[in-house]
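Paired with chain B in one complex and with chain C in the other, chain A is shared by the two complexes that follow.
Entry: the complex of A and B
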């Protein structure tokens, strides 16, 4: 039977019985879970997992696929509307999404996020279906040096986030990187920067830090500013789908996001957060209007959102082809596969093809379901924005506290959110970009652990980064992109100045 | 009413002072991290960098950024005064304008008190008080909203987390009562 026939049979299996309803419930739960800070995609899937025990394998897998896809998107709703990333992967969408909300384009930003995310998710699943086994072999080409080089490549975004003061951006980024060093060192077991506090052994909770830096600091500012109070959000109470013209305007960013999401998804350990920041950076680099990034650019929403969703397909490549989960969500999916008697590996497609194609069909269907389910949920979220500002600010703060507490029933998390709220406020007051700190926080663990692991593999030789083609290419691109503006400026300085043009008008 | 703690004094002078303070904080923080990180055990011989390298390097980088920032400000001082606020450093204008320090401190203290009361007092008692106090701090709420919002927010979040997500929300002093009620 050909791939298409198997896929059609998979659609039949996925839609049998209450399949569609269960998938819709999975997507809805995923979106809601992703939107609550602290309930990330993996937690939402873990909470749904026990409910799948009584289901047949096909239904269970498509439901979990729905939760996963929904959570990837759900995290962006509070990020765009309230500057409060629901999941780490949605933090990059906040940079332009919240700006659009402030400008009264919340509905449009959410529409772009939903549609582009769906496009990214669909393309990545189609690529997954076509190339799962060949791509599975590619996974083996990504080792520690490649992941480290990718993370370093992602860090070049600090330059883009720094605005006029690269020193401030660098300091903010270094602070974020430093935060990832707190806790138990995973390679040696040494305690680092815990200051004798056992609560810090597991490190700084990334969501609490993000929510503090962005959302808590914003809420404090809304409470402390005397004039124009209550300007938390503005916008229509419905989702505005992008027009064809708008989609054309963001197609380049959407494609960049899809490619980045797929590649980063395939890399074990890199995940949605790294992919969305790398996609944001690349979309800015390839955009015709890079100057709009950070000021409410639709491309700035489209690229990270597409990458955030496209990661799912890429993430499933090592999970299905090799049994290596690339993220926490993929690990839950792997657990569900094994629980239902499916053993991932190179022989998966030959030995378990009906079930695998049902999963593929389910992944396509949940991406289509994202739009109607997402619109319904968004309508409720946008209505919440019509609450009086005092009620909205107080509610957001209450949600942050309970959400971060619920992540692991640890009061340290909301305390961290408060502390980072104060730090975030101080950073904004002095012009340090909190986004650079978040970028460091997201990529810091990858940079350090993979760098050290690479050097352990090479017995201390840094040549490992130039002798492996993928790592060398990524590092060459990093150096090239960092030096390009400098070279361009030098070239402009060396050119003889043009004669001044005559004024076009009498003004 | 004029707020004596308002940040809107002489914008240029206060901005310069703020920037210099930030540079000083960076240098002090960076050096402190370097000194703390130097006490981290060396790790194992097979790990060429060891667990110390990253924190020390980053601490040094942060301190260096502070030095660069301060020297840039001092050098620029003779040429021109800096911008009125921290604005201009971030492409998305992610800075704050005029604000009341007393209201900011009140918001931080209220949140800290809420967190302190979260477990001992319990979610159901601490949350409505917090929501109400934040709303009062913001001002401008109608009396009906002041009563309704704290109750609705508390009950909805409690129901979602306790019964929807099956997450044990701290009941505090109400625990015996809630346990008896089932």
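Entry: the complex of A and C
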């Protein structure tokens, strides 16, 4: 049987009325779980896992696929509406998404995120199906030096987030990098900067810090300037979803996001969060209107949201082809597969094809279900914007405290969120970009652990970053993109004096 | 009528009150909380859930898994020890969460000896693997090569402070060699480094990599067990090669200190029987794990020896925080 025949048989398995209902329920639960800070995609899936024990294997797998896809998307709803990322992967989308909400275009931003995310998810699954076997070995081409180079490449976004002062941007980014050093060092097992707190052994909870820097600081900001609070609520907020024309305008950003999401998804250890920030930066680089980024660009929502969802296909590559999960969500999927008798790994496609293709079919179908289920939930969420500002702010703070506490049941986490809220508020008043701190927080762990591991693998030689083609290319691009504006400026400075020195000095 | 009503009420009260008398051994009469120090879906969690499922049929009450992840598993220890010692709270524990992390982080109050031992359940064996094109056919050749080329052989494994790293460190000492240990966040990422040919050897459990062994992309070279493993009986133990290096990734059940002895006995017997349940056996063999049941007293003796041994290695590695 060819791949297509098997896939058709898979659709037959997944497409029962009951299967569709369960899938839709999975998608809805995923979106809601993803929207609550503290319930990550992996936790949403793990909570759904026990309910799948009594289902047949096909239904169980498509339901988990639904939860996974839903959670990837759900995090961006509060990110766009309230500047509160529900999952770390949705943090990049709030940079422009929340700006759009402030301008009264919440529904458009949410619609773009839903449609583009779905497109990204769909393409990545199709690529996965077409290439799962050849890609399996491609995963192995990405070792520690490559992932380290990718993370360094991602850090160049600091330049884009810095606003007026690059120095303040670098300082804010370095602060984020420093924060990732807290906790039990995952490589050597030694304690760093934990100040005797047990809760800090596993490091600063990333979602607590993000929610603090973005959402809590925003609440303080609004409370401090009550005159402007009308802006947030934008009582006249339009509920118009994006038009086809607007969707066509973000086409390029969507494609950039898809490609970035696929590549980063395949890289072991990287993931949704890193991919969304890299995609944001790349979309800005390739955009016709880079000046709009950070000020409410639809492309700035489309790219990270596409990448965030396109990671799913890439994530599944090591999971299915090697039996080694690419992320926490993929680990739960792996557990579910094994529970139902499918052993992922080199023999996956030769041994147990029917169920694997049911999973593939389910992954495609859930992406189609995302749109109707997503629109239904979005309509409900948009009502939140009609709340009077004091009630809205109080509810958001309550959700933040409960959500960050619920994740690990550490009282320290909601306290961290509030502390980071104060820090973020202070940073905004003094012109330090909190987004750069979040970027450092997201990539710091990758940069550090992969750098150290690369140097162990190379017996201490830095040449490993030059002799390995993928790592060398990524680092060359990093240097190139950093130097390009400098060179351009130098060239412009040098050129004018020669042909026309007089007008230049006359100004 | 009224009298009858009172009588019924009295009867109901008496019936419902009986289990509350401490002497009356109807145990368990309600669900038992099973505290797991790892996130849902992770390796330890999956084992805990399978064990809970097998024990439910024997105890007649469900074991409800409560995940308390964080702090290297010790957050769960702190939580479990704060709950009443009435046999309705159990803690899933392994060497990392009940010995190594409490020692490294100076939290003696969270160590295993602050709990009552119920049973050691099972374990996964520690395998040293080599690349299929490795130039060494025997342990003697490998050790000779490593002696002649210090730090040349790279061994991928999980983080330093885990059992993986202890096996390699002890083997280095016993064989008088010096290898480069490449630590990772877990067994899976270590496997990727090895499969990508960025390390000459891999240390870890075989369950994650069984298919790769079958596909001849990993070759088991030695096992750190007391005896040869039924999984690959042709592969020698480190011990028979003259290196006294014996480690397994055991998993176990503890209870808050002061749990009534009769309930501990009930639980220990139930877990021993649970290991014979079909669902558990299937799960265990799929995971390539081996049963390592020890009752409360034997398990306590084992832990005393295990702690002394692990503490010595932690001291040598200089891992303890000051």
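In the analysis below, the second predicted complex is superposed on the first by the 485 of 507 C-alpha atoms of A that agree within 3 Å, B and C clash if a C-alpha of one lies under 4 Å from a C-alpha of the other, contacts with A are read in each partner's own complex, and residues count from 1 in each chain.
FYI, a residue touches a chain if its C-beta (ideal position, glycine included) is under 8 Å from a C-beta of that chain, and two chains touch if they have at least 3 such contacts.
Predicted model only: the values in this text are computed from it and were never measured.
**Q** If you stack the two complexes on chain A, which partner ends up touching A:365: first (chain B), second (chain C), both, or neither?
**A** Touch partners of A:365: none, neither chain B nor chain C.
**Q** Kindly classify A:187 by the partners it touches after superposition: chain B alone (first), chain C alone (second), both, or neither?
**A** In the superposition, A:187 contacts both chain B and chain C.
**Q** With the two complexes superposed on chain A, say which partner A:47 touches: chain B (first), chain C (second), both, or neither.
**A** Both partners.
**Q** Per the contact definition in the header, classify A:175: touching chain B only (first), chain C only (second), both, or neither.
**A** A:175 contacts chain B only, not chain C.
**Q** Is A:402 in contact with chain B, with chain C, with both, or with neither (first, second, both, neither)?
**A** First partner only.
**Q** With both structures superposed, pick whichever of chain B and chain C touches the larger number of chain A residues.
**A** Chain A has more residues touched by B than by the other partner.
**Q** Which partner does A:347 contact after superposing on A: first (chain B), second (chain C), both, neither?
**A** A:347: touches chain C, not chain B.
**Q** Could you tell me if A:332 is touching chain B, chain C, both of them or neither one (first, second, both, neither)?
**A** second
**Q** Counting only touches as set out at the top, which of chain B and chain C does A:202 meet: first, second, both, neither?
**A** So A:202 only meets chain C here.
**Q** Considering only touches as defined above, state whether A:322 meets chain B (first), chain C (second), both or neither.
**A** A:322 sits against chain C, while chain B stays out of touch.
**Q** Which parts of chain A are touched by chain B and by chain C alike?
**A** 47, 187-188, 190-191, 409, 456, 459
**Q** Please output the residues of chain A touching chain B within their complex, sorted ascending.
**A** Touching chain B from chain A are residues 39, 47, 95-96, 99, 160-165, 167-168, 170-171, 174-175, 177-178, 181, 185, 187-188, 190-193, 195, 216, 219-227, 229-230, 293-295, 387-391, 393-395, 397-399, 401-402, 405-406, 409, 411, 414-415, 418, 421-422, 425, 428-435, 448, 451-452, 455-456, 459-460.
**Q** So in the complex, the part of chain B that touches chain A is made up of which residues?
**A** 3, 6, 18-19, 21-22, 26, 33, 36-37, 40-41, 43-44, 46-51, 54-55, 58-59, 61-62, 65-66, 68-69, 72, 85-101, 103-104, 106-108, 111-112, 114-115, 118-119, 123, 127, 130-132, 134-135, 137-142, 145, 149-150, 153-154, 157, 161, 165-169
**Q** Taking the touch rule as given, give the residues of chain A at its contact with chain C in the complex, in rising order.
**A** 42-43, 45-47, 49-50, 139-144, 184, 186-191, 198-199, 201-202, 268-269, 318, 322-325, 328, 331-332, 335, 338, 343-347, 408-410, 449, 453, 456-457, 459
**Q** Along chain C, where are the residues that touch chain A in the complex?
**A** 39-42, 45-46, 49, 67-72, 74-75, 78-79, 101, 104-105, 107, 151, 154, 159-162, 165, 180-185, 188-189, 191-193, 195-199, 208-212, 214-215, 217, 286, 317, 319, 321
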